[in-house]
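Listed below are the structures to be examined.
Across the two complexes that follow, chain A remains constant while its partner is chain B and subsequently chain C.
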Partner chain A sequence: MARYKGINQISGVDRIVVALMIVVPTLLMVWLVWLPAIGSVLLSFTNWNGIGSIGDAKFLGLKNYHDVTTIYPPFWPAVRHNLIWLAVTFLVATPLGMFLAVLLDKEMRGSRIYQTSFYLPVVLSLALVGFIWQLMYSRDQGLINGLTGSTIDWYGDPKYNLWAALVAACWRQTGYIMLLYLAGLKGVDVSLREAAKVDGANERTTFFKIVFPVLAPINIIVLVVSVIESLRAFDLVWVINKGRNGLELIATLVTQNIVGEASRIGFGSALATIMLLISSVFIAIYLRIVMREDQR
Partner chain B sequence: MTTPIAVPEVAEESAQQLKVSKVATGSGKASRATQIFLAVMALVWFFPILYAVMNSFRDYAYTAKHGYVSFGGFTLENYKNAWERADFSHTLMNSLKITVPAVLLTLFLSCCVAFVVSRFSWRFNLALLGLFTAANLLPPQALLIPVYRMFRQIPMPTWLSDSGTLLNSHWGLILVNVAFQTGFCSFVLSNYMKTLPRELYESAVVDGASVTRQFFGLTLPLCRPPLAALATLETTWIYNEFFWATVLLQQGDKFPVTSSLNNLRGEFFTDNNLVAAGSVLVALPTLIIFFLLQKQFVSGLTLGATKG
Partner chain C sequence: MSGKTLSTGQVENVHKQPRSGVILSITAWVVGLMFVSPVLWMILTSFHSEPDAATNPPSFGAPLTLEGYRSFFESGPWPSLINSVMASVVSTLLVLVLAFPAAYALSIRPVRKWSDVLFFLLSTKFLPIVAGLLPIYLFAKKVGMLDNIWLLIVFYTVMNLPIAIWMLRSFLAEVPSEMLEAAEVDGAGLILTLRKVVAPVVMPGLASAALICFIFSWNELLFARVLTGTVSQTAPVYLTGFVTSQGLFLAKVCAASLVVSLPVLVAGFAAQDKLVQGLSMGAVR
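Moving on to the complex of A and B:
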């Protein structure tokens, strides 16, 4: 038997096993995530239409980007809708989720039941959420119109449908954010709170001076989640009307340009690259936070 | 799909207080006003689901005549119709065929990555973990074109996929789901595995246990808690996955349940009670998982917050 050479000692066979353990998943991920990401960026500079070989595609430089921003009518509305989506998740769902978490962090009867009610929507898919809210919003059979007597088609009218979708999205997102903050609040030092109480600080002061600073990393995580979620918001508007007529989002435009009859690959890739650029900034922020403790 | 995300440890010092704060619960007693506010909010939050369940049991003719702000007309017909119209016996099977292999494969591959990264210290560990975690957060729509094109080019034997390519095949969908979800799971699992005492491995090595034995005999059994949480979470996510299923499968008979709900909508007329029944049917598996394994689900969503 070989002499014990420390914990990292590995034999020939083991070396192969370890290599396989890391190489197989890595290859799968590189193949299906990173290569496509690079592919999207490269294709965005070409005029490939999807028919014929890629070799025939011509290099266009930034023409696709120029076209997207100048002669593609749904682009700017989609950007606006994505920004509104982000603003609403950040200004409505996040404070509400945080508020509920702070309240639920207290000692009370029925806390678990309340929590369950708030995060129950999180287990439903966004597509399903779209269907469930259709029962509220439908013009002829919806509860809202049934109660108020209005005849607004909440999912169909471009004046209202983005907001209707956002209400449904926030219904789901709030519970998720509440959970993140509840986990964060569990980490707040009790003795700090007690000390604040002894010093005569009221609840509001305690929250803003002691609890909130401790939650800072969670706040950034929630910001990142909000940005990425609003960029990926797709399912909900796709089940409503495939992202048309007031519900254009960058994600739905990409999909329409590729799956629809007009397969404008280069053009769609330019849109995809814009999504990648925005998300990578926030992914970098996220990685910096979660990897920080590992680096030490 | 919810962005799966690992929460970093809140603060170094507070981690030690964790046990204390769990016992001493939060910031004191709730006032009556708080209690009432929460009760009202909880009811409001629960209402859409309750309303869907209620209307799924109501007859269309009744609600059409009396309006939805009424009571009565209860029937089970909607469930029967929805089950047939959306072909649920078939699509639920499809969901099962996609979800189970995808979850198992994701967990297995993530365990492999996490094991190597946490057990052996190499220079590229952190970079690799970063690469995996980042992959998990990229917007899938941005990767659609190359994935779609590649899958169309890759031939598959017809006994594996009747379309003859990875496109329009459950295998392709499973692979994409695995590739995306492995990042999150590896990250969570590696954080957990780092907390396992190294002496365990030392004695295993001294005993001459191979890497495979260490992995299957030592690491995996010890990782049961995070694996249970991740399994719950990933099952829900992959079952709920909508985007890839919609774009990578083109034949209706391959769709999982979530994508098949559209069959319940008519082109000119939609019976909302039927949609409600279909929604309840689709939600049922996730709701059952949720109520049975609520603790796992919640701890899964916030995994990493306490390093296991």
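Moving on to the complex of A and C:
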């Protein structure tokens, strides 16, 4: 066995071992994640229906994309719902989560239980979150209608269901955002805070001058996380009604087209590619920030 | 921006604890209680009998029973629960076996410049998985792996690798270099150093990465739905089917939901403090 020569120079055999340690997982990723994604992009230029041989598929150029944006009725509503999803989860869950994080950071009495209660929904699957809220929303058996006497079908009525789903989504996201800010607040320099107090700065000033700047990079991370989560908000909507009747999202359209009855593979792949394009922009922004933080 | 002003208020209250602080604490507790109420309601309903669960207005004080749990377990959930345990535990172990060496290799100096590799690995985590679903489905069909739990195991492993590598790397950064040098002086090889010197130090990191991978794989629904059938369906797939077919029997369905989410709740409590780090990768799924 080759000898390990410290962290500055390593021997030939160990160099190979080290390289393998990285190459193996990387190849797995390329093979099982990136190749399929590229496959989707390629399929999006064809008219393949998934049944015949793939060799019979015709190359259509950008026709699928043209069709998606012009003659596919659910597309623009889905884009709109995705945007609403993003705006609401960001604008509601972010201030709430930040507020809770600051509160918890002060270590108020019993904060442990308190933190747990907000953290609880974060570990639950989105599908389960959808179901838990079904118990609240159901028209005939739901807690909300039971207590208020209303007869609104919260999940069923297209006037309300997007908002009902958003309440459930925010419910989960708030705890998530809270954890992100909590991690950020740990980085606030305590001595700086003390110094500000000694200098007679009031608490408001202290917050905005000392605490908030530390949170600034987290704000961007939170924005990007909200974007990515809103693009992936699939499970929740899927368990409610498979993303129909007012709950169309881009992700549900993809699934309906490629694994649904329609089996319009090329068309569904075009939708998937559009999703890929949008999310990769935000992924790039996010990783830039995360990596920069990491190098400090 | 209400968040900011309110939190400023809270900052003031810490040192002058009195009245306003108490009011704020009470408000916070009420909000917290409201927050958990949907879960509490589900738990309560799961212990009610079906007629009590279905009343309108809701009956809070109805007698408790285990009837819902009994009928759930009689519906034959065991194969799917075992599949889920298998898929999440085996994939988590595989993730650790692959991620720990990779994280080590990425954190020692000779391959510092490979941070581009890390960048690549991480970006993978954020791809909307729907995007690659169809080619994966076709591939699985071609090689006859549909409805095979090992296919899910492989995908969950790949899905969780980036986050595990990322988490472990930050733990490895805390291994003092003197320890590595001491191991070198003693003539320990690379593998021996990893096993005897590095692994014990990063044990807490390994544990929390494992818990997070477990939570993600247990909760995964989309792949499980598309790639499994009757033989290898996982607990969440079984649960969604159960909710669809038995949806009117609320107590039963609540009991089912609780049983299926119990493992992640336990893992979640165990990983609570460490989860922050994994979450900042934006990856709870």
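Brief remarks on what is shown
The rule is simple: the second predicted complex is superposed on the first by the 267 of 296 C-alpha atoms of A that agree within 3 Å, B and C clash if a C-alpha of one lies under 4 Å from a C-alpha of the other, contacts with A are read in each partner's own complex, and residues count from 1 in each chain.
Here is the rule we go by: contacts are C-beta pairs under 8 Å (C-beta built on N, C-alpha and C of every residue); 3 or more make two chains touch, one makes a residue touch a chain.
The structure presented is a predicted model; accordingly, all values stated were derived computationally and were not measured.
Placing chain B and chain C on a common chain A by superposition gives a clash between them. Residue contacts after overlaying the shared chain place A:Phe212 against chain C, while chain B stays out of touching range. In the superposed pair of complexes, A:Arg204 makes contact with chain C only, with no contact to chain B. Look at A:Met136: by the touch rule set out above, it reaches both chain B and chain C. In the superposed model, A:Pro158 lies in contact with neither chain B nor chain C. When both complexes are overlaid on chain A, the residue A:Met98 reaches chain C alone and has no touch with chain B. Touch criterion met: A:Ala251 reaches chain B and chain C at once.
Residue contacts after overlaying the shared chain place A:Val225 against chain B and chain C alike. Applying the stated touch rule to the two superposed structures, the overlap between the chain B and chain C interfaces on chain A comprises residues 1, 4, 7-10, 14, 17-18, 21-22, 24-26, 28-29, 32-37, 39-40, 43, 50, 102-103, 106, 108-110, 114, 116-128, 131-133, 135-136, 141, 143, 146-147, 171, 174, 176, 179-180, 182-183, 203, 206-207, 211, 221, 224-225, 228-229, 231-232, 234-235, 238-239, 251, 254-255, 258-259, 265, 268-269, 272-273, 275-276, 279-280, 282-283, 286-287, 290-291, 294. Those residues of chain C that touch chain A in the complex are listed here as 1-4, 6-8, 10-14, 25, 28-29, 32-33, 35-36, 38-39, 41-42, 45, 53-58, 98-99, 101-102, 104-106, 108-111, 114-115, 117-124, 126-139, 154-155, 157-159, 161-162, 165, 170, 177, 180-181, 183-184, 187-193, 215, 218-222, 226, 236, 239-240, 243, 250, 253-254, 257, 260-261, 264-265, 267-269, 272, 275-277, 279-282, 284-285. Residues 1-10, 14-15, 17-19, 21-22, 24-26, 28-29, 32-37, 39-40, 43, 50, 94-99, 102-103, 106, 108-110, 114-128, 131-133, 135-136, 140-141, 143, 145-147, 171, 174, 176, 179-180, 182-183, 203-204, 206-208, 211-212, 221, 224-225, 228-229, 231-232, 234-235, 238-239, 251, 254-255, 258-259, 265, 268-269, 272-273, 275-276, 279-280, 282-284, 286-287, 290-291, 294 of chain A touch chain C in their complex. The touching residues of chain A, when paired with chain B in their complex, are 1, 4, 7-11, 13-14, 17-18, 21-22, 24-26, 28-29, 31-37, 39-40, 43, 50, 100, 102-110, 113-114, 116-128, 131-136, 138, 141-143, 146-147, 171, 174-176, 179-180, 182-191, 193, 197, 203, 206-207, 211, 214-215, 217-218, 221, 224-225, 228-229, 231-232, 234-235, 238-239, 250-251, 254-255, 258-259, 265, 268-269, 272-273, 275-276, 279-280, 282-283, 286-287, 289-295.
Listing the residues of chain B that touch chain A in their complex gives 1-3, 5-11, 13-15, 17-18, 20-22, 24-30, 34-35, 37-39, 41-43, 45-46, 48-49, 51-52, 55, 63-64, 67-69, 109-110, 112-113, 115-117, 120-121, 126, 128-135, 137-150, 175-176, 178-180, 182-183, 186-187, 198, 201-202, 205-206, 208, 210-212, 215, 236, 239-243, 246-247, 258-259, 261-262, 270, 272, 275-276, 278-279, 282-283, 286-287, 289-290, 294, 297-298, 301-302, 304-306.
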